[in-house]
Every structure is written in C-alpha cells, then in structure tokens.
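These are the structures in question, set out in turn.
In the two complexes below, chain A is the common chain; its partner is chain B in one and chain C in the other.
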Partner chain A sequence: MNTTVARLTVRGLLGRRRGLLLLVVPALLLIISVIAANTDGDKHDLTVKILGQLSLGTLVPILGLVVGTGAIATEIDDGSIVYLLSKPLPRRLIITTKLAVAVAVTWAFAAVPTFVAGLILYGTKDDLALAFTVGTLVSGAAYSALFLLLGVVTRHAVVAGLAYALVWESLVGNFVKGARTLSVQQWGLSVAEAVAGEGAITADVALGVAVPLLVVVTVAATVLASVKLAGLTLAAED
Partner chain B sequence: MSLPPETRPAESGVIHDIGYRGYTGPRLGRGYATRSLFTQGLRAAYGLGRSGRSKVLPMLVLAVLTLPAVVIVALAIVQGRTELPLDYPAYPSALGLVVELFVAAQAPVLMSRDLRYSTVPLYFSRPITRGDYVRAKFGAMVVAMLLLMTAPMVVLYLGAVLGGMPFGHNTAHFLYGLAAAVLFALVYSAVGLLIAASTPRRGFGVAAIMGFLVVSQGIAVVVLGIAGGLDNPVPPESANWVGLLSPGWLVEGLVTQLFGLGSAADLHAPGTLGVTVFALEAAVVVAGSYGLLRRRYRSI
Partner chain C sequence: MGTITIDKVSRWFGNVVAVNDVSMTIGPGVTGLLGPNGAGKSTLIHMMSGFLAPSAGAVTLDGTRIWRNQEVYRQIGLVPERESMYDFLTGREFVLANAELHGLADPGAATDRALGLVEMAYAQDRRTGTYSKGMKQRVKMASALVHEPAVLLLDEPFNGMDPRQRLQLMELLRRFGADGRTVLFSSHILEEVEQLARHIEVVVAGRHAASGDFRRIRRLMTDRPHRYLVRSSDDRRLAAALIADGSTAGIELDRQEKALRVQAVNFQGFTTLLPKVAREAGIRLYTVSPADESLESVFSYLVSS
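This part shows the complex of A and B:
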C-alpha cells in the first residue's frame, strides 16, 4: 500500500461528481427495497430476487467494472500513468494499492447497500441479509481484480468486461448450465448459500469449487496485472 | 548561421510570385458535408475505415446476432415446420442484451472521440451547423442499429419463404419485425448517444450506457415481481405497466400489443390507453434526447 497512490486513485474514482453518480444505483436499490418491504406476498422469494438479481447480478458487476477499470484504465488511456510508473515504486505495489482502493470502493457502494436492503426487506431471518452481503463482498473483490487486469491488458477493457459480465454470466449462463461454473456471480451466490440458513438460497456451484476458484482468480488476476504493468507499452488509441 | 542585417547581401530579400489562386470550383455545401459525416459515422459504427481491432466488436456482435437466425431457420426447414419457432418481432428482444452491447460500445465511438480530441470545433468551421452534426450522428447510429437488427430477420425471412412456409404470414410478420427494429433503433440510439455525448471518455460512456440499460431492466424485473408476476406465470394486466421503466421493455410491450402478438403472459402495453402511453413515452424519449443533444452541442 502506498498512501499517495491510494489517495490519487480515490480522487480519480470519486472526484468531481463521479462519486454522486456511483451513488445513484445503490440509492435505487434501497428505494426498491423500501417499496418491496411494504407490499404483501412472499417476502423470501422477493428478497432473494432483489438481492440475487438486482444486487449480486447487476449492481456488483457494473460497479466492479466501473471501479476496476476506472482505477487504472483511465490513467493508461490518457497517458498520465507514465508519471506514476516513472516513480521509484515497484509495479506490484501500484497494482495492489489500486486494487485495494477498488475493492474498498466496490464494497462501500455495493456490499453496504446490499446489507441495508436485506435488513429492510427481510430483517435478520435466515441470515439472508448477511449471506448476500458476504456474497457481494467476495464477488466484488474478484470482479475488481478481474476488471483491473482487463484495464491493464486491453484498451477495450469496459467492453470486454461487459461482454463477460452480461453476455457470458447472464445470457449464456441462463441457457448453458456449465457456463455457470465459470461465473464470479455464481461463486458469490455459492458462498452466500453457505452462510445463509438451510435451504434459504440455492446455488448451482458447490462451495468446494467456488472458493478455490474465487481465490485463484483474484490472486492470479492481481499477479498477472503486476506482470503486465511491468512491461506496459503505451499505444495510441486507434 | 545568421549574419547581422547590415552585412547581408541586399538582393536576398525577394518576394517570389508563386501564382496563388483562389478556389473557383464548385462548393459542395452543407448537405454534402452532412451526408459525408453521416456516411463516416455509419462506417465508424462498424469499424470500417478504422483499425482492425475496432472492427472486432461490431462484427462479432453482428455475427452473434445473425448466426442463431441461420441455425433457427435451418432447423425449422429440416424439421419441416410450417412456422418459425421464434417470431420476427421477438428476435431483437430475445437477443436484446447483444443489441444493447452494440449501442453501448459504438455510441461513444461516434460521440466521445470527437469531444476528447476536440475535433468538434473543426467540424463547425465547415459549412455544417450544430443541428446538422447531431442529425448526421443520430441518423448514422439509427441506421447502423437498424442494419444490425434487420440482417438476422432477412435471414429468417428468406429461409422461411424459400423453405416453403406460408408467404403471406411470413411477409406480414417480417414487416412487424422491421417496425420493431425501427423502434428499438430509435429508442436505443437516443439514449446511447445522449449519454455518450456527455463524457469525453469512451470507457465511462460505455459503462454508463450499459449501466443505465441493465439497471433499468433489473429494476423493471423486480417491480414486475412486486406487482405479482413472481409466483404466477401470467402476471395481472396492471403489472404490464412496468414496461415503462426500461427502454427495452417499452418497445417490446408496444410492439406486442400493437400487432397483437404473443400470449397474455408476454409483456404488452395494457389496452388502448397502454399503447398510447407507451408510444408517447417512446416519442418523448427519442425527441427529448434529440433536443438535449442539440442543446449539448450549442455551446461547443
């Protein structure tokens, strides 16, 4: 961790009005939760739908994408990364610092609203709120690391990330069951299933598969990003 | 080597007449410039005339949209069906995510790059006006999206007609599909271009457009669940109003009701009032975005 790099990254992510824009989505989640909490009907299914689809399925990937790529890809894009790279700092330190900031921001903007929304919707029954919060924490960290790597590797990081998060995880995952094994969202759901009470959440991926994959992806993405940043070539945008 | 002025030979300071002449040929004017900008925008949306790497995504999206149509029509012919398993207007909605990805990725290509490299003032130093610029870009995006959605439908139509399926039915539904494609293209382009024009950074633009489309869709799904469509397969008639919450469902619901397609379980604009309101919202979205775009470029 380097505090100066961390401070600059936070300012890049949340400076100007960007922090406010990022707040819009969690605010919508909370509004929906309040409306849903005041309706009658099966609260359990509704909570699983809101927290599973809206929060874990949409909010976390989009936030992870904006934050993960915003932490480094924007700097590479406008070329200002060279001023950072020319400082006597190891490249892996830059990556770990930026990743730590990205993970913290993702957690603050995704996991905290998820927990609050869970409490509003379902209280503390079945540990459902806690389960989904843990799910968003782990998948948020994995998404941040993955999208940070994409930001270093390609100039089309956002499009590539969207293609993975939406087309692969949502569209392909809906039709092909096997695709869900390679989905950060499903790994997060699997962890949530383990935390929640018996039968409260159903996940398609076993915990014994999900946890190692989460760890491997997060660590491998971080290491690969450090290696890639060490040999970064700045190319002009086409 | 520069000599002091008084030591230079006197005859070096000669102005040669190199015969400069003003341009007296035809001036092609505003319309030509606007058309050129439109063509350039349409080509840029598919990465034509740009590097190979910028062709990858649009061509991939086109392939992902068209290949299922080929498979569907081939299977339908082999199985000897008399009707396509997927109706024409339903096709763009079924692969809506891919269509959205295209607008999210390519709208910033049209708008953000000009802002970022400050080429917009250069355009305005030519005869075109700000209105022409917005018109050309908007037209380019709409036509690009229309081509994207029409290509698979043409494949379906040709396959169906050549495969001996009823000509009249297929032609009617193909035309419904074209109408749906026009509506999708207008609404998606309006939303995408407006967001793209607000940021000079391509990455933010892409994420913001996709974020808006996906989050609004997610909210619409959840509200539909709250309105009682979660446990029963056929949601109550009033639940269909959630279509107003997401651009994709707005068009889908409007088209379904307008042409009397699908079953009661499919999202549709509820009744005549629903059609009016849905159509009105679509018109407001398109016209409003267009107006805001024109306002955005007034002060550049």
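This part shows the complex of A and C:
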C-alpha cells in the first residue's frame, strides 16, 4: 500500500459526479427492499430473488465495473497516470494499492447495502442476509481485480466489462448452464450457498470449484495488471 | 552524469516508422529537439522517459536502460505535453503528491521549494482545474523538479503559452541548464529553440536531420535554395538577365499567374542579385515573394543536405 496512491485514487473515485453515481444504485436496492418487505407472499423467495439477482447479479458487477475501471482507466485515458508512473515505485505496489481501494469502495457501496437490504427483507433468518453479503464480498473483490485489469489492458474497459457482465454472465449464463461455471456472479452465489442455512440458497457451481476460481482470477488479474502497467506505452500524439 | 544516449534507435507502429535509426547523445545544458509536427519528437521523448520501448536500438541514461526501469525516475523529471493532472487537487496538493511518490525525506519542504522556483506559490491553494495553460505548465514543471533531477525532459513546453509566460519558462530552463542539469525540450518553432538552446537536434520524418550548434543549423536553413515568385514590368527580359548569373538555378514563365517562378541557388546571392539586375535593365519589380517558406520545406532541405 502506498498512501499517496491510495489518497489520489479515493479522491478520483469519490470526487466529482462518480461519487453520486455510486450512491444511486445501492439506494435503489434499499428502496426496492423496503417496498418488497411490505408486500405479501413468500418472503424467502423474494429475498433470494432480490439479493441474488438485483444485488449479487446487478449491483455488484455494475459497482465493480464503475469502481474497478474508475480506479485506473480514467487516469490512463487522460494521461495523468504519467505522474504515478514517472516515479521509482514498483508497479505492483501501484496496482495492489489501487485494487485495495477499489475493493474497499465496492464493499462499502455493494456489500453493506446488501446486508442492510437482507435485514430489511428477511431479518437474520437462515443467515440469508449474511450469506449474500459474504457472496458480494468475494465476488466484489474478484470483479474489482478483473475490471482493474481491463482498465490497464484496453482503452475500452467499460465496454469490455459491460460485455462480460451483461452478455456473458446475464444473457449467456441464463440460457447456457455451462457458462455459469465461468461467472464471478455464480461463484459468489456458491459461496453464499455455503454460508446460508441448509437449502436456503441453491447455486449451480460447486464450492470446491468456485473458491479456487475466485482466488485464481483475483490473483492472476492483479499480477497481470502489474506486468501490463510496467510496460504501459503512452500513445504518441504527433 | 545525466547523459541520455540514443543508440541506433528505431520505433515503428505497425507499418508506420515513427523514428528511423536515430543516434544522439544529450548531455548537460539545454538541448532543443526541433522538427515539424509528426516528425517523431514525442516518440523520442516517450522513449527517453521510459513510456515507450524502442523497436530497435537502445535508449540509456548514464549507461542504464530506461525502458521498464522505474529507478531511472530518481534522475529524470518529465513534463508531459498533455494537460490532465488530477484537476481536483490544488497546485500544492499536486506537487506534494509527486514529492511523496518520490519518497522524499521532507516532501513539504521540497514542494515549497519547487513551487517557489516556478513562482506559483501565490496560486498554490487553487485547484489545478482552474489554472490557465501557463500556470498548469509551471505546476507541471514544479512536479517534475520536486526531486531535483539531473535530467529534465519537456514535451512541447511552450505550446499555447503567451509571450510573457514563454520568457519566464525560458529563463527557468536556462537556469537549470547553467546549473549543469540536462534539459531537453521539443518544439516545432525554430525561433523558440534558438532563443534557448545552444545545441539543437533536428528530426524530420523520423530521421535525425541535423545536430549541433544553433548557428550552424540556422545557416544551413537560410542558405538553402529558395523559390521565389516574381512579377515585374518585363518578365521575359528579367528572366534572361537573371539566368545569366550563377545564383539562379532555373526560371519558369508562369502564364496563368503572369509571373516568374525562380529557383535560386542560395539565399544571399539571389537577394542581392535580383534588385541589381532589375535596376541595370530598367525593369520595375512588382512582387517578390518566397514560394515555399513552409517549415516542412525548410526541414526537408535539411534532411537532403
């Protein structure tokens, strides 16, 4: 961790309009939860639907995308990354610091609201709130690392990230069962299943597959991002 | 100390060759990197500052490779051409962040010193986003100087500056050069370069066109063959009289323009010849205008010489 890099990243992320944008999505989740909590019907199903699809399936990838790319892609795009890179700092340190900030922000804006929404919807029964919170924590970390990497390797990080989250995870994952094995969202769900009470949540990917994949993806993305940052080329403008 | 060596360096992007087999050594003092837009100046500076790998050859600082070697930044200060610089920070916060990133022992004192050098202390608490172009340039300078580097690289530092800011910056760079630091700046304006740099490196279309003292390069540039468009009271007679002299290489009678197109061998010879010949023959000159004063034509002559 480098405190200066962290400070610059936090201010870049939460300053300006992006800070507000980050608040909108969790606020929506909480509003929907309050409305849903006051309706009749099977609360268990409703909670699993809202926390599984809205929170784990939408809120976490969107926040991961906004935060993960915002933590570095913005600086690479506008060229201000030069001021970090023209220093005797190990590139690994820049990446791990930015990742730590991205993960913390994703957790604050995704995992915390998920826990609160869970409590509003279903209390502490079956450990549903806790389970989905843990699910958002692990998938939030993996998304942050993945989208941070995208921010380093491509100028179109947001588009590439959206393509992955929307097209692959949501669309393809919905219809092709095999695709779910390679889905951060499903890995998070698998972890949530393990935390929750017996039979409270059903996941398609086994825990023994999900956890190693989560770890491998997060670590590999971080290492690759460090390597790519060390060889970052500035586009010649003339 | 503080010598950048570019040894047989080429850089290509796909099929486009941006820098073609360039070798130069940049040592202490102020050096101007001169060339028209698109000549490869930025590409060279990016390679010297470690933000681009040479496709062939080597770029080194005091013998150590620059690419993928973050330790060189203890010696190098870089002032990039682009303006973005965390515009949510104040000038002081920005320079301080740079000092901290360098791991300086007393970043606060280094920041105050650097801001004082560029005379920006008065605006240090304003956000950099509110700065004028010249102020941004000076704060960028302060951030590059905060660790007192031996080498200072500046990419088109005078772009968009007003004359007063230009003079201030020149004065500052001159002082650094006099201190024994290596200062390299790029520009596409000859007058800018010769005001500041004793030593000039000229690049044109990716090639190293000329190198050396600015006076020699200035002479090369003014002594090149010139083209003129001449209108007079009797074009044909004037043409006949001009071609008789050795300083005229060719003349064409342009009927549409109703003028002469003259190719002169050298600048000085022709500019004294023309009025003399006209006066002796009793011909009045209406128009004498240089036909190819574009920078590109000046530079392309340098390449061929």
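Just so it is clear, the second predicted complex is superposed on the first by the 234 of 238 C-alpha atoms of A that agree within 3 Å, B and C clash if a C-alpha of one lies under 4 Å from a C-alpha of the other, contacts with A are read in each partner's own complex, and residues count from 1 in each chain.
Everything below uses one rule, namely that a residue touches a chain if its C-beta (ideal position, glycine included) is under 8 Å from a C-beta of that chain, and two chains touch if they have at least 3 such contacts.
Here the structure is a predicted model, which is why all the values come from computation and not from measurement.
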item	value
Fit-or-clash call for chain B and chain C when the two complexes are aligned on chain A	fit
First (chain B), second (chain C), both or neither touched by A:Gly70	first
Contacts of A:Leu30 with chain B and chain C, given as first, second, both or neither	neither
Chain B versus chain C as contact partner of A:Val215, first or second or both or neither	neither
First, second, both or neither for A:Ala179, with chain B first and chain C second	neither
A:Gly15 touches, of chain B and chain C: first, second, both or neither?	second
Which of chain B and chain C A:Ala230 touches, first, second, both or neither	second
Arrangement angle, chain B at one end, chain C at the other, chain A at the vertex (C-alpha, nearest 10°)	70
Chain B versus chain C - smallest C-alpha distance in the overlay, whole Å	5
Common interface residues of chain A - those touching chain B in one complex and chain C in the other	238
Residue ranges of chain A in contact with chain C within the complex	2-5, 7-8, 11-12, 15-16, 78-80, 82-91, 230-234, 236-238
Complex contact set, residues of chain B against chain A	50-51, 53-54, 57, 97-98, 101, 104-105, 201-204, 206-208, 210-211, 214-215, 218-219, 221-223, 225-226, 228, 230-231
Contact footprint of chain B on chain A as seen in their complex	21, 25, 28, 32, 35-36, 39, 41-42, 45-46, 49-50, 53-54, 57-59, 62, 65-66, 69-70, 73-74, 77, 156-159, 162-163, 166-167, 170-171, 238
In the complex, chain C residues that touch chain A	13, 18, 37-43, 46, 49-53, 68, 70-71, 73-74, 76-78, 80-82, 84-86, 88-89, 97-98, 100-103, 143
